[in-house]
Amino acid sequence: MHSFPEHLLKGHANFMDGRYVREKDRYRELAASGQTPSTMIIACCDSRAAPEMIFDAEPGSMFVLRNVANLVPTYQPDGGQHGTSAAIEFAVKALEIANIVVMGHGRCGGIKAALNPDHSPLDAGDFIGKWMSMLGELPGQLGTNSMMTASEQQTALERISIRNSIGNLRTFPYVADLEASGKLAVHGAWFDISTGELWVMNGDSGDFVRPEL
Amino acid sequence: MHSFPEHLLKGHANFMDGRYVREKDRYRELAASGQTPSTMIIACCDSRAAPEMIFDAEPGSMFVLRNVANLVPTYQPDGGQHGTSAAIEFAVKALEIANIVVMGHGRCGGIKAALNPDHSPLDAGDFIGKWMSMLGELPGQLGTNSMMTASEQQTALERISIRNSIGNLRTFPYVADLEASGKLAVHGAWFDISTGELWVMNGDSGDFVRPEL
Amino acid sequence: MHSFPEHLLKGHANFMDGRYVREKDRYRELAASGQTPSTMIIACCDSRAAPEMIFDAEPGSMFVLRNVANLVPTYQPDGGQHGTSAAIEFAVKALEIANIVVMGHGRCGGIKAALNPDHSPLDAGDFIGKWMSMLGELPGQLGTNSMMTASEQQTALERISIRNSIGNLRTFPYVADLEASGKLAVHGAWFDISTGELWVMNGDSGDFVRPEL
Amino acid sequence: MHSFPEHLLKGHANFMDGRYVREKDRYRELAASGQTPSTMIIACCDSRAAPEMIFDAEPGSMFVLRNVANLVPTYQPDGGQHGTSAAIEFAVKALEIANIVVMGHGRCGGIKAALNPDHSPLDAGDFIGKWMSMLGELPGQLGTNSMMTASEQQTALERISIRNSIGNLRTFPYVADLEASGKLAVHGAWFDISTGELWVMNGDSGDFVRPEL
């Protein structure tokens, strides 16, 4: 067998000597009383876009689902095993969170694969191809727009996909109901890895702007 | 529309003034050259068990999938949209990561729901019920063992589930092949929210021990 | 007759008491020796995007053409009166400038009119309609992309149009020749009125980035 | 590819640290509400005669067209692409500006070329020659007046040309109509690069005088 990765053991030792020392009481309390996060973040697996880093989060503050390209499917209660839908259900019904944020990011490998199905290192018949097919016709429609650079198309699809996921989120009856009654708010955000900037979606127009400016 | 959560905006401002200032060069490089994480972590959505916190991780170092109860399904190339499988495929085939760590944690709400299907706030017919059904007969078998306390049963199932997920991981042909050739290693870990301790799985016996002791 | 606008007379008095006092020698020298600007800027008439403000320019440093939406036509030596082409010719052949910058900006009224020919306050049969028709099929192709918000489409077309103008610039034989011999460089830029930021075009990819970040 | 001119990047940095800091609120407001300039300036591309400098203008206050020698053609709705006419139409019909100022200046290269068609570095068959041919017989008529020095002829033609452009402006039906109804005023001005003085045209006589004296 392989031994546990040394960099993870060292990282955990840093955690024990640093954050845990400072936040011991909080961890004890979170273990004893259970979690009560106010916010669910639906983010990408990308190693460069961890929500807890980007939002300088405290333990216990955000319930975080991460899948490839931060996609949300439509509500499909067909008896299948839907991991993303299960997490949404748990967050909304069991944890009664007040906010759901769908957070995309620049240079997303999943979005890039969706835009370049033929030149991807991944076969479109594989899981990634099927997973990204959740975007339906969106990548193809955008891809025909040859006036935009590859990078511009990528950013555009990253944002289109966030809006699409938010639309899909609202097909969950309890999400729609709670949002209508003002108990739940749904948000979009996009993280720029290079500049560190957070672009926040305007809920009315769907546009992304930097709130700090 | 609702405005973007204030605590997230404030947290991001902290990030920009803190971590981003210190690691600006790293973020620039990660954006320009792409991600090359050596490790994939499959973890739970739980707000108290963020891998980046527990491993004091640097940006770019870990590709992180998070679903409810850190479950991995078996390899099912049936044309459906499998988010967890897509992330595994992306990590192994596109990113060529060297390690996969399935990390569970104590007091997991998903595991608790699996152990208490009738007393859960969640209907077994909902997404959570279906999702946790990935554990098959395991919760039921354990539940008949009335000699263990509820807490002991929970910890036991959390670890059983990690071993089960690792077994399922090995049904992916490329995972099995790469592991056999020594290019990929698969690990298990369990995080204790209360004490901050990391328990690491012994690959031969399946036991969980604290490596720092 | 109407008297000369008071705000202009007052502004000129400020100029005489301020900038002219400080730069009297420069103005005298510029008058005596003629202009030798190193750069031509092709910009929009928009009152919010004056190149001299944005680049904090000194008198004599930039030769500035401004038309609606900073458009450049293709080389059409048909004997007609082409104001933009005449300015380019004057800058390149008489002034021997070293750089041409096509600078667009956000919220451009001309681009907006091109995207909304039916809802514009201006009749498509008027001069504006004809002028913006220089973009040919570009607005129509982009406008069919209903996945992007109106604001996203506008920004996209502003940048597409800059790349289109740069392509048209290169149909001028002397521009192409001098660029090939390294004596002339052609650049693109986009100004964000709200944030004051300058986005500079990457000559290879056509993408726009903020160089100051 | 060539990198973006360093002097422009530096100038923009000065803008961000200076004017933008002082006028941030104004830029934000101008971006949000759109431009509402009261005045259109038709000026020359010359690097020494930027209207915003000469009138110490604030962002948003003047809509500025700049072409070689600040010429205005007659109204020619022939379906061609007329950049100057498009800008006039946009200013008058879309922005509903209250003043149009045709501003010439001393030592104008375009006017000089028109006076010296044979000794110009520019072939009369090129764009500049065609563009300046908008002045028709005016340069030729003046050139036969051998009693005036070359410098006197130049200044004379600069002013003749301004009056000519104003006459052409009035061939636009909406300009004539709005001027008749008192909603639009048309002005002439001439800038002396050497002394910084502004000479303003008397609308009745056509003479240019210095209003500050």
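For clarity, chains are labelled A, B, C and D in written order, and residue numbers in each chain start from 1.
Note that in this section a contact is a pair of C-beta atoms (placed from the backbone, for glycine too) under 8 Å apart; a residue touches a chain by one contact, two chains touch by 3 or more.
By chain, with names taken from UniProt: A, B, C, D = Carbonic anhydrase.
Small disclaimer: the values here were computed from a predicted structure and weren't measured.
Contact with chain B and chain D alike is made by no chain in this entry.
When you average the Cα atoms of each chain and compare centres, the chain farthest from chain A turns out to be D. Between the CA-based centres of chain A and chain B the separation comes to 15 Å, rounded to the whole angstrom.
Separation between the centroids of chain A and chain D, computed from CA atoms only, is 53 Å. Remark: chain A and chain C have CA centroids separated by 40 Å (rounded to whole angstrom). Those residues of chain A in touch with two or more other chains are numbered 194-195. Chain contact topology: the protein chains form an open path, each linked only to its neighbours in the line. Touching pairs of chains, sorted by label, consist of A-B, A-C, C-D.
Residue ranges on chain C touching chain A, taken from their complex, read 138, 141-142, 145, 147-152, 156, 159-160, 163, 194-195, 205-207, 210, 213.
Listed in rising order, the residues of chain B touching chain A in the complex are 1-2, 4-5, 7-9, 11-16, 18-20, 24, 27-28, 30-32, 34-35, 37-40, 45-48, 50, 52-57, 59-68, 71, 73, 77, 79-91, 93-95, 99, 101, 106-107, 109-110, 113, 120-122, 126-128, 130-134, 185-187, 189, 192-198, 200, 202-204, 211-212.
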